[in-house]
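Worksheet: one structure, shown below.
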Amino acid sequence: MYVIIALSIVIFSIMAVTTKKILRAATYLLFALLATAGVYFQMDYQFLGATQIAVYAGGVVVLFVFAILLTHKPGKDAEALTSHKKVQGVLAAVACVALCGFALLSFGRFCLKTLEGGADVPMDTIGTTLLSTGSDGYLLPFEALSVLLLACIIAGVVIARRR
Amino acid sequence: MKLTLLMYLIPSLIMFGCGIYGFLTRKNMIAMLISLELMLNAVDINFALFNRFLYSGNHEGMLFSLFAIAIAAAETAVAIAIIINVYRIAKNVDINQINKLKF
Amino acid sequence: MDYSQFLMMPQEIGLLAVFLLVFLYDTFMPRTTQRALPLVTVVFFGVYIAWAFLPPAAGKCFGEMFEASNATWGMKNILNIGVFIVLLQSVKWTNNDFVSVRRGEFYELILLTLLGMFLMISARHFLLFVIGLETASLPLAALAAFEKRYYESREAAAKYVMTAVFSSAILLMGLSLLYGACGSLYFSNLAFGISAVNGINWMLIVALAFVMAGVGFKISLVPFHLWTADVYQGAPTAVTGYLSVISKGSAAFAFMVILVQVFGTLYQEVWQWMLYALIVLTITVGNLFAMRQRNLKRFLAFSSVSQAGYVMLGVIAANQVGMASMMYYILVYIFSNLAAFGVVMAIENHCGKVTIDDYNGLFKTNPWLAFTMMLAMFSLGGIPPFAGFFSKFFIFVGAASTGSVAIYVLVFIALVNTIISLYYYLLVVKAMFIRQDECAIERFKSHWTERAAMVICVAGIIFVGLASCVYTSIVTLVEESPNLFMMI
Amino acid sequence: MEIFSNILIYFVIVPLLTIGGLALTSNKGIKAIRAVAVAGASVLMVLAIWLVMIFLRERGAGNQADMILTGSWMWYEPLNVKLALGVDGVSVVMILLSAFIVFAGVFASWKMNPLPKQFFLWFFLLSTGVFGFFISIDLFTMFMFYEVALIPMYLLIGVWGSGNKNYSAMKLTLMLMGGSAFLMLGIIGIYFHSSADGQLTMNILEIAKNNAIPASWQMWLFPLTFIGFGVLGAMFPFHTWSPDGHASAPTAVSMLHAGVLMKLGGYGCFRIAIFLMPAAAQSIGWIFLLLTGISIVYGAFSACVQTDLKYINAYSSVSHCGMVLFAILMFNHTAMTGAVLQMLSHGLMTALFFALIGMIYGRTHTRDIREMGGMMHIMPYLGVGYVIAGLASLGLPGLSGFAAEMTIFFGSFQHPDMFHRVLTVAATCSIVITAVYILRVVAKLLFGVVQDEHHRSLTDATWEERLSTATLILAVVAIGCFPNFFIDIIRDSFNPIVDALQALKM
Amino acid sequence: MITNTVLVLVLPFVMFLFLGLAGVKMPRKTAGVLGVAGMLVTTVLAYWVAIDYFVNHPQHEQIIANVDWLNFTPRLVARMGVLIDPISAMMLVVISTVSLMVHLYSLGYMCDHHGHAEKGFQRYYSFLALFTFSMLGLVVATNIFQMFIFFEMVGLSSYLLIGFYYSLPAANHANKKAFIVTRLADLFFLLGIMILTFSTGTFDFDALVGLGNMDASQKAVGTMDGLNFMGIPAVGWALVFIFIGGAGKSAMYPLHIWLPDAMEGPTPVSALIHAATMVVAGVFLIARMFPLYVLVPMAMNVVAVVGAFTAFYAAAVACVQSDIKRALAFSTISQIAFMMTSLAVSADGGKLLGGHEAGLGYMASMFHLFTHAMFKALLFLCAGAIIHAVHSNENDQMHGLHKYMPITSIAFLIGCLAIAGIPPFAGFFSKDEILVACYERGLGWGLWMSMVAGMTAFYMFRIYYLIFFWKKHEVHTEHEPADQPWTMTLPLIILATISCVAGFVPFGKFVTYNGAPLETHINWTVAGTSVGIALVGIALATWLYFKENPKPERMKNAMSGLWTAAYRRFYMDELYQFITHKIIFQGICKPIAWFDRIFIDGFFNKLADLTGNASFAIRRVQGGNTQSYAFVYLLGALLLAAITGVVIVMI
């Protein structure tokens, strides 16, 4: 199972950023996101996986598709990337990954930790945590997030208006 | 086969790297945004992984991922709105054309 | 479930109340009364400021996720003053034919972003911090795109949103590493976690660098600043003013809180030097770019980059004097920069001219505008007896109070840079006072709200320095905030 | 308000009130503007003379404190920054000098055009800075006033100047600000080492009393402060703002700048650099002595080949101000007294020079000595004034320059070290070079035949010009004839410094 | 007596101020008359002081009154005061007399042919008064610093008066040159004072030299024991430097070059300043410091050598000058050199020479100073009368004037005889004493100076003949030359009279180095020789120049190189020109100005340019492309981490 998930994450990620057709890129993104949800399920984070599928696969990707269709012009799929930029991108990506990877590897032996058979986080725990105000309570971020979403809605409205 | 943290971290990091690569090379702004999604997603995976593998006593990482997904969605929404907004007047979404302001 | 904890955050609640009132007014009041909305907002906000000045209830709430201390209280009030000026300045602009249809949203977004900044300032948990940061930055993209009739505005918004999201991705990556290393996202837990880590290791350094990059983006530290100039130039002037002082100021404060509270144990060996490099780069590069600018908004953008470097001098001190000096610097910077933007806005609203050459001979036709601009420039350049001088001096004293020779060198570099900055500030003064132009901007009377804002700014520029009580009380506030520098 | 019972504060208040008064006048009412300006300058003059009398009375009554009329009001409590006032003999005479030059400067810019009101506004802001500097004994306030005095120069030159004014104004401002960058770092450094027991202070007297700056820090802070002030004192090689700046500045500004502002440099050098850091002054003072020695000779030689009147005087100022710094670095009573006398003398005489040059330029519209000649025929009053200024400059007995230079030379030559004495001899040689360039100008400009026939129709000085120059000439003669009066005031002020330096030698 | 002396000083000063400030408001003549009146009172007072002193103070002690003027240190105080002793009393007389004569004479001289006073008449009298004040102040100086001050002051008045006709380029150059050269000398004077006072710690003459014995000087020199610079004792440096100061004023070689040019001033001024009074300031200075010089043989030898050489050099140049004022100027130089030499030869090896006549040279020098002032003033005033009559300085414009101006001619002749040392005229007595002193020092010195004395006679008579005889006068101007009005003639007569009788004053009784009377008697061997030589000189001059003849021309052609060299004053002016223009101006000033512009200025401008260029160079970073922004951002973050990590790990 792990192999499938890992491979699909890697492959779809790469394809999402290398394909020349923008709509396909969105599709590969969808697959990569779904594979991510697979990781969450493997970790026994059912709720997280479900959210991932609902929000990302169901919401964001659809948003992308709409946006692509809105801005899409037939025959302009092909992206001509200059080689200079490609090298730059590869270099930056590799350097970043290398640095993060090196940092992780060098941090003791914790990379070799294996999965302890943790249990699923029950829904009611999540609900309680989100609404509790004490230590490890997430009421405030939750409220703040709602403010953020409100702000984004207003922002969206402002931008979307014709005038 | 024991699944170690590293084995999960590698795809996540590759995802992040792909995101960076895409963001730096894609001409189409929506494609750049897709790359950004990859980056954000990779971070979410990290949080979940660390929580599960190392600190399974609490749920901070998982909850962070949860919130991050919401934030990412909001970001995407605003970004897409703005891209479309630009598209309306510039009639394209090529990032290389969006450079009237410089020096 | 102790909801009374919300009472620990009166400023945020008050702000939310103002937002709601404005929102309701915008939504439900008849169309004919909408023109009054800006003023209503200003009045509401004014009342709110008075409320926000009520003595603070210090302490942590929501399981140490949110902290209200004297320092945060002071910082928020400083920001409030700045926002008040911005609101006042934008009254005329929001009432013009092109923008008026969206004016309610303008004020709502401003208030919401301010709320986000407050959360950033008070957050003692990275989740809350990130949400605050996003709340403070995402709507700004919409604000940058506010002038729909100009392409530049839209381009600015696009650039802003792309880089902002990229930057937050990097920030989150850093946070994930941090979480991986320490297992918590509470500041206090993280601090102990970091001090528990043996020696210095790459994980923490990378995390730290990414966090610095992410927050440095908001403060526009070099090399994370590149969006600044383009966005400042393209965005509507009111928004630029807001971005340059409020957004930057709040991020700087939050930055300092994170650095000293979370990474405090890494101060001596690690982030002092990282910040050192950033400051040198920021001040120098900002200055070098500013020298050549002809567009005043772009010019002020680079000047604000360089000013951000000076603000960071307070952070690098990592002590109470440094923090107080930084807050004071931000306050003074608010007055000075908003005075400059006020003039730019008044002139832009009148005739749409924004380049330095357009200002030639301004003193002959509009002496008061020129005078205000001159004071702003002198204050930014650090010329006594204006407030900018005091703030510069105190920030240098703050930095030097660490006593290390390296910091003295840093102060010296900063001082040398003040010469360059003085050069370009004087260019503006030169244009207004010395240059003559046949087709100078004709004499006009700016809107009373703009004038009122300028008067406040000028009063601030003149008296915030001379009246020592401001700085003294800021120092007192910082000194009364417990445990700020526990980890240093 | 206790602070208002101290006469010193009025030296700041009066210019500020004048500024306020000017702000109230209308742009058109030239009479009112002049009246306010003259009133302000006269009150300052009266105050200055009164201050001298108070000083003499105090000293006469046996008040031997280092500073008199001291007062201190907390300003920035967290940093222990105070508004600390106090004067000793040196500051008293410097204030007197400033008052004289402000007074003369107002009359010299009688017909200032355009924007007379703004001109006087900036002019009095500049003098606020100058007076504030001299009455303060707190590093922070001193530095603040110092910068207050610098910045109006930019606009004064830029708006009302002539020639290549943009370049000059910018160069002057930036270089002086560069100097003050050094200075600010020095002051911050001093502040953080001002006390051994934790209570940091900016008060000069307390810092000197604590004497807590470690020698290793002094080695850095002394050059910083000395260069900082040295830039304003036109020390080689930081003098290059001076010729351009003076050449472009309007008359009264040149007067005030060369006459008073450059003195801030010398004053600051001993009041801050040497007084607070005697150990470093002892050990590395010689480097600066060398530089100032070069200034003296270099400025004089440079002046010999200039053709623009203002350039000549600017280089001459480099030479003379170099002498001030030179003497200050000799660390004995006589030389330092001479330095202050030289400040007085150079201030007055150079102000006189610039006033006269301005008046001549206002008539002939040229400052090139090759295009002028025989001015003595045409404008005898100005001509005689110029000769007197020149003679004062080349150190003729009976005029101020002589007393000052002699005190410097004899004082410097008392130095027990051969290196210092040899430098003194070199510096002394400048009196001949000075004679050369002064006489060259006098011969070309005033004597000889009229070069330009148009000049024949020019008029001599008007009453306000006469008043302006006569004031200065009288002051020059007074110092030249009765130097002891000034020396008595000045001399004892150096007791603390010299004692500190002596104590180090023991 | 002190009061009177002070009055003598104050009166001219008041006249200076009064005429200078109020002069323009009054008629020209009134100013002149006022000036003369003031001077007359001054003269009377001065005589009174002198007579009072010599009569009432037979011990010839010093009378001193001081006020503090400038306190350098509590110990080293520059004072202002009056000191009356034999030489200052004598000088008071000399100065006031000559000054009065010149004042009077100028009333006529400074007028055009219609008797109208020239423009600037008031200024002229004001400056004359200033000069008189300065010169009187110089001679009564109680200390070396006061002396220095008045050295400067006389320099100034000389400058102002030489440049009286300031529109004339020549005058304009001459006064500049005079001031600068004397200023250069004064620099050395000042350095000398500085060195001297460095260890003695006093300026006062009574402490430095005292009077009557060498004790004070011994002590002063004693304090400087062991101080050396470059192997030469400090006191030697000090005295040589002070001598240079005096040499500048007294136009000793090679600092003499300003004096001939100074003749551009009005002739009465030349008579007063550049013949009779100011130029002897140097001699007076050495005389004042005499005991010190005696104790330092090295310095004394310098004085002697310079004096002897200058005497010869100036005499040689004077022999060929065609401008009568210049010729007289060189004669002045030569005569002053006589006085210098005379002072210097009176001591050798730290002791006075001459046994019971010790200090004869000193006395002779002062005597010569006195007589020379009178007859040289006479000669100049005569020259002035001639120039006023023919409007030229050149002797080829004169010739044969004896017929037209008999009084002037006779007065001039008396002057010539006096200077040539023919008995019984004044010069004979003083010069004789000088020569005696020289022979006492050594035969070589005596012979050398005798030869110069002969040359003196020759060139004086050469001038005399060329002016008044040689050939018939050709009238060039509208007026025939004639004797001048009484204001000009009266001074000639008075001075001629003094020149005739002054020699019989028993000078040794009054003026000696230690105040004790010195019995002098004429040494007939020396006197005979010198008179003989003088007569030979006169005869030679008569033979060559009395009547027009081709002999001078032939001589000139025969020794054309020498003649031209002498005529061009042995190229000293050219040398100075070269040094000042080529070396100092072109070689130092110009390069420094260039350096200032290119390097110092250039450095700061370059700095500004560099900043500007840097600003331009990095503008590409801000290229407008969001992706490159992100790239830089990422790079920044990574580098920040990587560099910090590497550095920390390394450390």
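As written, the chain order gives the labels A, B, C, D and E, with residue 1 at the start of each chain.
Keep this in mind: contacts are C-beta pairs under 8 Å (C-beta built on N, C-alpha and C of every residue); 3 or more make two chains touch, one makes a residue touch a chain.
Because the structure is a prediction, the values reported are computed rather than measured.
Q: Strictly by the touch rule at the top, which chains does chain C share as contacts with chain E?
A: For chain C paired with chain E, the chains in contact with each are A, B, D, in label order.
Q: Can you give the shortest number of steps from chain B to chain C, where adjacent chains in the path must touch?
A: The fewest touching-chain steps linking chain B to chain C number 1.
Q: Once every inter-chain C-beta contact is counted, which two chains account for the most?
A: Contact tally peaks for the chain pair A-B.
Q: Based on Cα centres, what is the most central chain?
A: Per-chain C-alpha centroids ranked by distance to the global centroid put D first.
Q: I'd like to verify one number: the distance from the centre of chain A to the centre of chain E, where each centre is the average of its C-alpha atoms, in whole angstrom.
A: Result: the chain centres lie 102 Å from each other.
Q: Distance from the CA centroid of chain A to that of chain C, rounded to the nearest Å?
A: It comes to 31 Å between the two C-alpha centres.
Q: Taking each chain's centre as its mean C-alpha position, how far apart are chain D and chain E in Å?
A: The computed centroid separation for chain D versus chain E comes out at 37 Å.
Q: If you average the CA atoms of chain C and of chain D, how many Å lie between those two points?
A: Result: the chain centres lie 42 Å from each other.
Q: Could you tell me which residues belong to chain E and also touch two or more other chains?
A: 619, 622, 624, 626-627, 630-631, 634-635, 638, 641
Q: Quick one: which residues in chain A touch 2 or more of the other chains?
A: Within chain A, residues 85, 88, 92, 96, 99-100, 104, 110, 136, 138, 141, 145, 148, 152, 155-156, 159 contact more than one other chain.
Q: Chain B: which residues touch two or more other chains?
A: Those would be 16, 19-20, 23-25, 32-33, 54, 58, 60, 63, 67, 71, 74, 78, 81-83, 85, 95, 98-103.
Q: By the touch definition up top, name every chain pair that qualifies.
A: A-B, A-C, A-E, B-C, B-E, C-D, C-E, D-E
Q: Which chain B residues qualify as touching chain C in the complex?
A: It is residues 16, 19, 23, 29, 32-33, 36, 39-40, 42-43, 46-47, 50-51, 54-55, 58, 60-61, 63-64, 67-68, 71, 74-75, 78-79, 81-83, 85-86, 89-90, 95, 98-103 of chain B that touch chain C.
Q: Across the complex, what residues on chain C touch chain D?
A: Residues 321, 324, 378, 383-385, 389, 393-394, 396-397, 400-401, 403, 408, 411-412, 415-416, 418-419, 422-423, 426, 429-430, 433-434, 468, 471-472, 475.
Q: Can you tell me which positions in chain A touch chain E when the two form their complex?
A: Counting only chain A, the residues touching chain E are 85, 88, 92, 95-96, 99.
Q: Could you pull out which chain A residues touch chain B in their complex?
A: 2, 5-6, 9-10, 13-14, 16-17, 22, 25-26, 29, 32-33, 36, 39-40, 43-45, 47-48, 51-52, 55-56, 59-60, 63-64, 67-68, 70-71, 73, 79-81, 85-86, 88-90, 92-94, 96-97, 100-101, 104-105, 110-116, 118, 121, 125-126, 129-130, 136, 138, 141, 145, 148-149, 152, 155-156, 159-160
Q: Report the residues of chain E in contact with chain B in the complex, numbered from low to high.
A: These residues of chain E touch chain B: 619, 622-627, 630-631, 634.
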